[in-house]
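Report on the structure given below.
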Amino acid sequence: MAHVSRNDAFVEFERVQKSYDGENLVVKDLNLTLPKGEFLTMLGPSGSGKTTCLMMLAGFETATHGDIRLDGVSINHIPPHKRGIGMVFQNYALFPHMTIAENLSFPLEVRNIGKSDREEKVKRALDMVEMGAFGGRRPSQLSGGQQQRIALARALVFEPELVLMDEPLGALDKQLREKMQFEITRLAHNLGITTVYVTHDQTEALTMSDRVAVFNDGRIQQLAPPTELYESPVNSFVAQFIGENNTLEGTVAEVNGNRALVKLDDGEVIDCKPVNVSKPGERTRVSIRPERVEYNKDRMQEGVHTLQAEVLEFIYMGDIFRTRLRVAGNDEFIIKTRNAPDQVRLEPGQQIDIGWMPEDCHALDA
Amino acid sequence: MKIKTALLASALTTAAAVAQAQEVTVMSWGGAYTKSQVEAYHKPFTAETGIKIVSVDADNPATPIKAQVEAGNVTIDVADVEFSDAVRLCDEGLLEEIDVSILPAAPDGTPAEDDFIEGALQDCAVANIVWSTVFAYNTENVSSAPASIADFFDTTKIPGKRGLRKSAKATLEMALMADGVPAAEVYDILDTEEGVDRAFAVLDKIKDDIVWWEAGAQPPQLLADGEVVMSTAYNGRIFNAAVAESQPLEVVWDGQILDFDLFVVPKGAPNKEAALDFIAYSTDTQRLADQASWISYGPARKSSGSLVGLFSDGKTEMAPHMPTAEANLGNALVNNFEFWVDKDTELNERFNAWLAN
Amino acid sequence: MSDATLSQATAVNEPSAGLTTADGKPLKQALLRAQSHARRRAFLLVAPLLAFILLTFVMPIGQMLHRSVHNEGFTWHEDVTTGHRTPIMTNLSQWFDDNPLGTEPDEAAFAALAADLVVLREVKAAGQAGTRINYERSGSRSMFTKAARRANKLEAPYKEALLELDEDWVDPSLWRVMRDASSSYTANFYLAALDRTKDADGKVTQVNENRQVYVKLFKRTLFLSIIITLLTLILAYPIAHLLATLPLGKSNLLMILVLLPFWTSLLVRTTSWMVLLQSQGVVNDALVGMGLLGDENRLEMMYNQMGTLIAMTHILLPFMVLPLYSVMRPINPSYVRAARSLGATSWTAFRRIYFPQTVPGIGAGALLVFILAVGYYITPALVGGADGQLISNLIAFHMQKSLNWSLAAALAALLLGGILILYWLYDRLVGIDNLKLG
């Protein structure tokens, strides 16, 4: 990997810092490289610095320190309108005094593209988002989902190589959101556009992205493809933030290669995979996904440690069962099981033994 | 705004008067002038009769009368108005008639009809003072002291801004007198088209140097601020600023225009009887003389003249400050109300047109 | 079931009858009945306001419009204490009815006039009648008062008797004015308000050039008001934008500063401008003190058009800021960002995206400021000098000094008409539903 091709570094953040007040850093030492055609999601809680990064890339904020490069060229001092980046805003920002067609035509007009060319491109963009019949309407006459499509079409109509999206689906209802998630990814991949997508919704991040950058406290905590993010969180923040998680606290008793024994606070010992613990005596937070917890003895691996658990609550959710347990003093321990014909339904008050594959149990920082 | 508050105040007090009945609302011009009336008329009248006087002020007390009488909601019992307004309002039937016989005779027995200066008694009005429009200057700002009305209109001789009342009345007469027309001929000449042209020609020469004023309190202020070096003004206002407030102001009596202020009772005044009592009381020989010690306006009765004494500061002799003093009447014009009621519209239209050009 | 089918059947057979309720009554009627109670309550709630508006707005304006075409000075006399009304000039009016315009007044006319003068004397209406004639023919008033005083002594031949009193009694223009005035309704005040009059033959002509003032002042009022509106717009736009974009805490403070003038009396504000701007005032003193200006070359910013412009722009500024602010506040900054990201320069983004969205505020503010400016009179009266006077000052003059209320009403009605035309134009060009006051 010594050689970095031009394509691998289409968008680059190098040691970027941002401060609004001169006292606190909102973005701390950000390094990020984005190859052409990638769909990258910046995911994080509000205030984590992800939107600021997007705004710096768009040119609406300037980096306090560091360099942002687009296709190898530093864009720190290039005004937004010369960056040629398409952007979709949270509230769509469709110009209310213009028709849909005029909205789409706007970026072409300011680029002095001829009238017939404009009309052609606008038509194609509208067709692309299946809104061909709505050109003459005003934004206020459209539904939220339709406006979303138009905003997308407008950001793409001048054929930018990079598109930024700032929580574009936040205002839509669940069903529409899922549909749009699919459409946006489809469009981005079909057109081969590089996309930077900001959201605080982890499902969105996981389903849409090639890679996800998890932001917290002004830093990227983990930058990885969704699978890796989910399966192998590098620290307890990522583990907590991505998907549902059970945590148990304890002390590392033994580390042996990629196996570790953790002594939980109530004295029980479990098998884990050490992620960022290295030596015995360290405090650790153990993280297990609810769907990886097993209570059917037949399916458990030979010789793994099991824990005693008491069923507190059983919730029928259709496709899955969700069961709340008391495990090692933790009353919020959740397990999820598929609703299969042979699945055992647990009853509150029942005492069971639970266990898991050691590699599904991550010993993370405390 | 002032009128509105005054009307409100008087409306309230009239409502109260229904219960008491012994109250008279007198509307006057405000400032030092109202004060002189309060001291010389209101206070002694209340002391003597127990009838309370409610004093309210207006920029021109004639203005609310027409509105009040036409609306049938009269709150003023007595108003102090200018001659032309008194005559016009009387002609329009907006005023009560005042019987001369209610006015007391002079101390020497001369009946009121003979004691008042000619023209001071009208069908609906009794004059209380003779005032005049004069011009005054700020001694600290003029290059040389003006002596005649001609100097007022001569900006080469004495450069600087001039203050003039924004009205055709008095302005046109003074312009003609400055142009050498003797006082006795002013109205005859002004009655002709050429005469009016002549007056405006005089005004044209200083048009760019004129600051127009509307309220009587403005000229002393303009003179004191140095905004103008000379201004026409009501003589009493200048006297007050000069003597009571020690401003460096001096009056030039040449070309002064004498005028009456008269008491009238609006038709349908709520306390008509008490109002007439007040007028009879206030215009007796002593009261008119008393008023002259508060402000430099001349009494409308001949018999009061000899009783005029010192100003209320106790040292200024009032007699030489009276418009009616012999020395001040050298070149004086008596305002011709008949001329103005006839020509008011035409000359003010022309005046406004001239202003707007 | 059968009922339902029946009503459906009727609905199908007679589509014009409309739908019916379950018990067969027309749906529309039922709906009306159901809503009538709510409607009555709603009406009762607005009734006080309606009465208030009728009493304080519609009626005075109606009265004003009526007064501008109606003057009874030469037709009726009313004793204000008793309220008793007497017709006056009845004989003359009869003669005018019998003889068309252009008839030389004969002895019968003068006899009628003499008879009427007797009535004038009896009811003390000579001044009133004379004043009415004097509005249109200067110098007539004293003719009436003098003649009425001697009315009892007038004897036939009346023409000679009256001519002996004043030779102007044969003046044809006097007779033309009397003819017009003998009807209570006249459009002559509107003619006067447009610097026009009728000559002896009843033909409309311009008044003498040196008396033409109203049209000029209407034009000046229009011109100054437009300038003031533009000035307030230019000044208010950035302030309103700042207000709209600052964080709420700071913008509230700034808003208080903008509104501060509202809490001070108009007179106080106007006089403070006088203190500041007069030739010996603060601004001039400061300029002279700094040596930027010689003591003899002090700027004249007061008692002229400049004074009116400065003071009125300041006084009316908040009326422009507020509508603009209320329109700008909800404009999301992402519109401009979107435009910039789409490739627009900041100027293009402002011109094509931000500005069009503020147009309703501009329209409302401009209309508000313009209408207020057109009617302002205290400020121009105090600081305007001679060439800063507006038409409202002459309306005030006729209301307060000349007491020619009919002319004042005619001037005011023309002003009102002008504003209504503007309003109509605005509606046609921008659309009144695009007006946003706050």
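Couple of notes before you dig in:
Note that the chains are named A, B and C in the order they appear, and that numbering of residues resets to 1 at the start of each chain.
Definition applied: a contact is a pair of C-beta atoms (placed from the backbone, for glycine too) under 8 Å apart; a residue touches a chain by one contact, two chains touch by 3 or more.
Here the structure is a predicted model, which means the values were calculated and not measured.
Taking the mean Cα position of each chain as its centre, A sits at the greatest distance from chain B. Distance from per-chain Cα centroids to the pooled protein Cα centroid is smallest for C. Chain B has its Cα centroid 88 Å from the Cα centroid of chain A. Centre-to-centre separation between chain A and chain C, using Cα means, comes to 65 Å. The centroid of the Cα atoms in chain B and the matching centroid in chain C are 32 Å apart. By the touch criterion stated above, chain C contacts chain A in their complex at residues 332, 334-335, 337-346, 348-349, 352-353, 356-357.
Within the complex formed with chain C, the residues of chain B that make contact are 1, 60, 63, 66, 69-70, 72, 87-88, 90-94, 161, 166-167, 200, 207, 210-212, 214, 225-227, 267-268, 338, 341-350, 352-357.
Interface residues of chain C facing chain B in the complex, by the touch rule stated above, are 77, 79-81, 124-128, 130-131, 134-135, 138-142, 145, 207, 210-213, 216-217, 220, 265-267, 278-280, 303, 378, 381, 385-387, 389, 394, 397, 400-404.
Residue ranges of chain A in contact with chain C, taken from their complex: 58-60, 79-87, 89-91, 93, 95-97, 106-107, 110-111, 154-155, 158, 164.
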